[in-house]
Amino acid sequence: MSNAENFEDVVKSRRDEKVAEFDLIEKNVFHRLHSLLHRTPALVPLIVLVVACVVFGLINANFWRISTLSLIFQQIGIVGILGIAQSLVVLTAGIDLSVGAMAVLTSVIMGQFTFRYGLPAEVAIAIGLAAGTMMGAINGVLVARMRIPPFIVTLGTWQVFLATNYIYSANETIRSQDIEANAPALQFWGTAFNFAGARVTLAVVLLIVLVAIMAYVLRHTAWGRHVYAVGDDPEAAELAGVPRKRVLIQAYALAGFFCGIAGWVMIGRFGSVSPSASTGILGNIQAITAVVIGGISLLGGRGTIVGMFLGALIVGVFEMGLRMAGADAQWTYLLIGVLIIAAVAIDQWIRKVSS
Amino acid sequence: LITKTDTNPFFVKMREGAEAKAKELGIGLKSYAGKVDGDNETQVAAIETCIADGAKGILLTASSTSAIVPSVQKAREAGLLVIALDTPLEPIESADMTFATDNFLAGELIGKWAAASLGDKAADAKIAMLDLDVSQPSVDVLRDQGFLQGFGIDLGDPNKWGDETDPRIVGNDVTQGNEEGGRKAMENLLARDPEINVVYTINEPAAAGAYEALKAIGREKDVLIVSVDGGCPGVANVADGVIGATSQQYPLLMASKGIEAIAAWAKDGVKPQASEGKSFFDTGVALVTDKPVDGVESISVEDGRKLCWG
Amino acid sequence: MEPLLKARNLVKRYGRVTALDQCDFDLMPGEILAVIGDNGAGKSTLIKALSGAVIPDAGTMWLDGAPIEFSSPNDARAKGIETVYQTLAMSPALSIADNMFMGRELRRPGFMGNWLRKLDHKAMEDFARKKLSDLGLMTIQNINQPVETLSGGQRQGVAVARAAAFGSRVIILDEPTAALGVKESRRVLELILDVRSRGIPIILISHNMPHVFEVADRIHIHRLGRRLCVVDPKDYTMSDAVAFMTGAKEPPADVLAA
Amino acid sequence: MSNAENFEDVVKSRRDEKVAEFDLIEKNVFHRLHSLLHRTPALVPLIVLVVACVVFGLINANFWRISTLSLIFQQIGIVGILGIAQSLVVLTAGIDLSVGAMAVLTSVIMGQFTFRYGLPAEVAIAIGLAAGTMMGAINGVLVARMRIPPFIVTLGTWQVFLATNYIYSANETIRSQDIEANAPALQFWGTAFNFAGARVTLAVVLLIVLVAIMAYVLRHTAWGRHVYAVGDDPEAAELAGVPRKRVLIQAYALAGFFCGIAGWVMIGRFGSVSPSASTGILGNIQAITAVVIGGISLLGGRGTIVGMFLGALIVGVFEMGLRMAGADAQWTYLLIGVLIIAAVAIDQWIRKVSS
Amino acid sequence: MEPLLKARNLVKRYGRVTALDQCDFDLMPGEILAVIGDNGAGKSTLIKALSGAVIPDAGTMWLDGAPIEFSSPNDARAKGIETVYQTLAMSPALSIADNMFMGRELRRPGFMGNWLRKLDHKAMEDFARKKLSDLGLMTIQNINQPVETLSGGQRQGVAVARAAAFGSRVIILDEPTAALGVKESRRVLELILDVRSRGIPIILISHNMPHVFEVADRIHIHRLGRRLCVVDPKDYTMSDAVAFMTGAKEPPADVLAA
């Protein structure tokens, strides 16, 4: 049995063999589409979106007017920005229930610092953004350093920020007319301009720019890759040398910053500063909905910002389309529930067939 | 004091009024509030806490007028004076006394005013109804149905909004009673029919939001917005022409009356009396507008500003 | 000669289980030190303590004579200690290239890299492909495949390639060939010898006795949470080593650990 | 090198050696407590609970009255039962946002079938429970068969069930007096009896019994173990022979059944049947809060029903204690937010020290 | 003699990667069949197809001459095919005993078991402890330990013990000794021989040539997603087998698969 000792000699001489290539023969258009979808899963929500638009356009021709479409973009402006914040956190395998509350509180801070303390609007805005970042950082520190599950941390801070918002503002609304007269900078993102025959606000442009920037950051910088790694398998990421805690805190803080921007955009959209804006209560669920419909996994590490953006658009299109089709409020509410499930079901189905 | 929520300025002011009065009379006051509109559960828990804590009386703005009744009965059995503020219970005699505005009347006033302002054009008006919430809490229904009654539209089931068949109604949408919801609801209804020229809103923040939506398409001048509440920002909006008319209510008055009644009850067991001819103490409602019309009594914005809250 | 990496009296308890029980350890400069022992003897726990992944309950460690205390694997990496863990420590959804460069990504030269911090995906992919080819892992067809779609052995190969490419002071390999095929194992052994020839010492945990005896300069035999003895593979046979490690035979006094 | 062939012979003869025992010497009381806590993590919320009770008792002596304590139990009755439903789903690594909506809708079904269609109350109750089970099963089928993430499924069905509830009931409340007169069975769980000087409702007894039953089922039956396995690692569970889909559907359906029971209990507690009950909107967050404070991992597979029960109690105690201490509503929310985080932080801290 | 388990033309694609490329397979009754091949050759995919964990894109399988189609691992288990996957398929948070009996728990006798469906925890724990002792996994100190706290090798031991205890028709082992120590590996080999002596055939995937040549009756050599050839270990040396499997040498025509 002398071969026992030297059976490995066979492989001691290196031969670099060619690996068999098993390229798929892409049979037809249908097949090509499938394999395309499989490689770029972000396309799936896009298709859902296009189909929804076509259907609603058939039901009500007004839907396809450029002004309607611009309106949809305006309506998803805030949810979209909150969705960016939420995406960052969800990619780290967390969840941020406090995004809406942070946005409302920062908008109140911006308003009150201008009107109660008489600071220039620009300074108040900077303070508001800083406050948002700090609130986010608090979430991050509690998650990363105290090891409290993100759901609990942000459930708690959601209540804390929201209550602070009501207490601090004494529930007072700052009126649109006053802001327009004394601190127009607060309403900056509400400025409208003409584009292809429709009025578009700067908020829409901002949303698209922010989505593009964050898509770049997550895909093309080391920090972005670390966010994915931390969400994918925190232990492996740490063993591989990613500073897990620092990345977590930064992600939450950046999310807080985006909430601050959302707060500023809210003033532009509603004209006034109102502590009882429903974003404070519903913003988190709306943002999470956009994130999940957009294909970001709540388990972390998978999905893209662009997907989230499409997710927000899908919800916006459904809401507007149903309203225009004449469904009443309660039925709209019901049908949106059905459509959310259907959108994701189609997505899952396409992925399964194509794989 | 148990209010529906404490995010709506109306109830915040009510609480502030009660606190001021309580301080004046040297009474201990604890306040509770539901978490969302229509939150009956939290109110039940609050009543139970009051009983357990040995309170003398409860001021209650009920979220659910009939669902709260068994708890109110328990409190009364335990010897507490229960006063319903703002919203009467169902049946109304479930509470020891009710200090309320008539929300239906408030709606009716703005409805009549709107119809009269439009004159002949009322016959082919296009109306947007901006309501509170899909769960249709009672204020929501009362104000909405009051408006339609005042405007001269057949109500269908008066306990429910949204079942009217009159073609003048473009649609109902919900606002959560804030600017955010107001704007979005207005946009949605405008997308359905851009010709809307009358907007009913559940309260003034929703009206302000609706105004922003109209402004965005440059129609703010030719649409009539009516609302209910009479808070100071709302009255200021009437002055600025944002809102055509609003029905003013008086939460501070309700609260301070309520506190006085409980103080009297605690001192010598006297229960308060109802207004003449009504089963409750009416704290009143007044239409605030600078464009009075014939046949609808109203007060000027100047007067409204003096009486406003918040 | 002073040991490059030294530990004394390391203790680590998990609840009722004592994984390290007053364990000692020495790694000499430039050597290949094999660590062998039964399953559950505490080998992985030992190297986790040395690489900062586990903080021992008690005991002291020295690197180059200076006492060290690691609070995270990053501390150890910063000192040039690179480890392949038994669990591999890879992000399943990320690509092979992403995983290889995790924590030390390459940036584009010039404006894009310095100011926009853009990664140089191409350079990283090329580097990764080259390292994998060196290991003979030719069946990997796509360097951008997520790691989760690799076979067990392919995954291990990627982890080994990563450590070999970046370790500068000490390279620790926890069962690097467990899931590898004959050819791939051979490549890893070559790689180990190659790394030593660069003067970098290696700690190799393995259950494969022929491999251990082929490459190791010294063999640390681990038993019941502590170092039982250190033997020279030229003085003892595989049978001896296995007998010591399983407790079938007592090691002679001269190799017994203090 | 002949040893290469036979080095394994050494181990061919079996010798069963004794494994070294490393029993910890438990040094003192403090140390013992720690190791006790480590072995029984469910004790940690218990301690948080006791501390909270002591503190609130010191602030307001009325707190320690037996009637107050019985009141707390009554107040958590519904959240507790919804929490059992939620626990089942969360243990499978899911989440059920529709629990509150299912409870309200079943209570409406029970009421309407009795009063609108004139069925005997008992039959209406049975129909209500069946409806709850069916709604849960729908969730389960969508999750298990269509592979849609639970968050999306139940976000959708939450809206669907809630809207159905409003539409079907026409927003009509059925008055307590009518129920008492015509269908007292609906109010069964509201029946009170005297116990140690306090009035306790049957709902409290029911909650405790249900917790005990489910603790038994999850710990001592094969089905319970399968629920844990599916939540822990679904792929491994399936490879190991657990019928993953069937277990998922059953877990969701059972959760729906418990929501049906919660709906019945709601009628007992509030007397009336009200479609606008806030449980429909807040019930899910409340149940999730109880589940997570009680130490059940949202990632699935870890935690116990008893922990959830203690979690619900902690929230109940905090709310009651703060209300009795006279904090006003926004301050109460703020403090509950803080306390939720603090409770879990203490829990984490104790676990860390003891490990 | 008819093969007990037979497959023809199995195909499985993952995106652009073809893991199984018209692969054939035969397992004779009562034999130990070893499957060897490079990393990524498709061995795990093959046995996953045989055990229902993967549904092949094309191809047919027969058990005892009857065509079979598995849609889940449970279908295969119901037919008596028991598998140790390379990933082990354990629930990390559950105990060793829970994992061993997952899907076939023992109930208490009498009322408690029949009516309250109460599990017999004690019986299951005793059984698990006994099976682990048989494998020489004595370092496991607590049968109620969650599996996630076991060392890599201990975990593998538990998985092997589970398959051996419950398999009735075919037992499939995907690299069962990869993470095991010398002593524990030896026990697994004994166990394999023991199982065969009970008449149950075994499919053994392994990269350890000495082990393969020690126990296998026939060796299936897998290369580039298909069966290259089947050889008898008595006719060929390890060097030959390795040469075939890595492509260094062409197998003679008589053993070449059709």
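Things to note:
Each chain carries a letter (A, B, C, D and E) given by its place in the written order, and its residues are counted from 1.
The definition used in the following text is that a residue touches a chain if its C-beta (ideal position, glycine included) is under 8 Å from a C-beta of that chain, and two chains touch if they have at least 3 such contacts.
These are the chains along with the protein names UniProt gives them: A, D = Autoinducer 2 import system permease protein LsrC; C, E = Sugar ABC transporter ATP-binding protein.
Since the structure is predicted, the reported quantities are computational estimates derived from the model, not experimental observations.
Common neighbours of chain C and chain E, listed by label, are A, D.
Relative to the C-alpha centre of chain E, the farthest chain centre belongs to B. Rounded to whole angstrom units, the spacing between the C-alpha centres of chain D and chain E is 40. One simple way to say how far apart two chains are is to compare their mean CA positions; for chain B and chain C this gives 72 Å. Centre-to-centre, using mean CA coordinates, chain B is 37 Å away from chain D. Between chain A and chain E, the centres computed from C-alpha atoms are 45 Å apart. Shown for chain C are the residues in touch with two or more other chains, namely 14-17, 87, 139, 141, 182-183, 185, 209, 242, 246.
Among all residues of chain B, those that touch two or more other chains are 6, 36, 134. In chain D, the residues touching two or more other chains are 4, 7-8, 11, 17, 22, 162-163, 166, 330, 333.
Interchain contacts (touch definition given at top) occur between A-B, A-C, A-D, A-E, B-D, C-D, C-E, D-E.
Those residues of chain D whose C-beta lies close enough to touch chain B in the complex are 60, 62, 65, 67-68, 71, 74-75, 78, 162-163, 166, 170-173, 175-177, 269-272, 274-282, 319-320, 323-324, 326, 328-330, 333. In the complex of the two chains, the chain A residues touching chain E come out as 3-4, 6-11, 15, 17, 19-20, 22-24, 35, 38-39, 355.
Put simply, chain E touches chain C in their complex at residues 14-17, 37-41, 44, 86-87, 137, 139-142, 145, 149-154, 157, 175, 178-185, 207-209, 242, 245-246. Interface residues of chain C facing chain D in the complex, by the touch rule stated above, are 13-18, 21, 209-210, 224-225, 237-239, 241-243, 246-249. On the chain A side of its complex with chain D, the touching residues are 1, 4-5, 142, 146-149, 151-153, 155-160, 162-164, 166-167, 285, 288-289, 292-293, 297-299, 330-331, 333-334, 336-341, 344-345, 348-349, 352.
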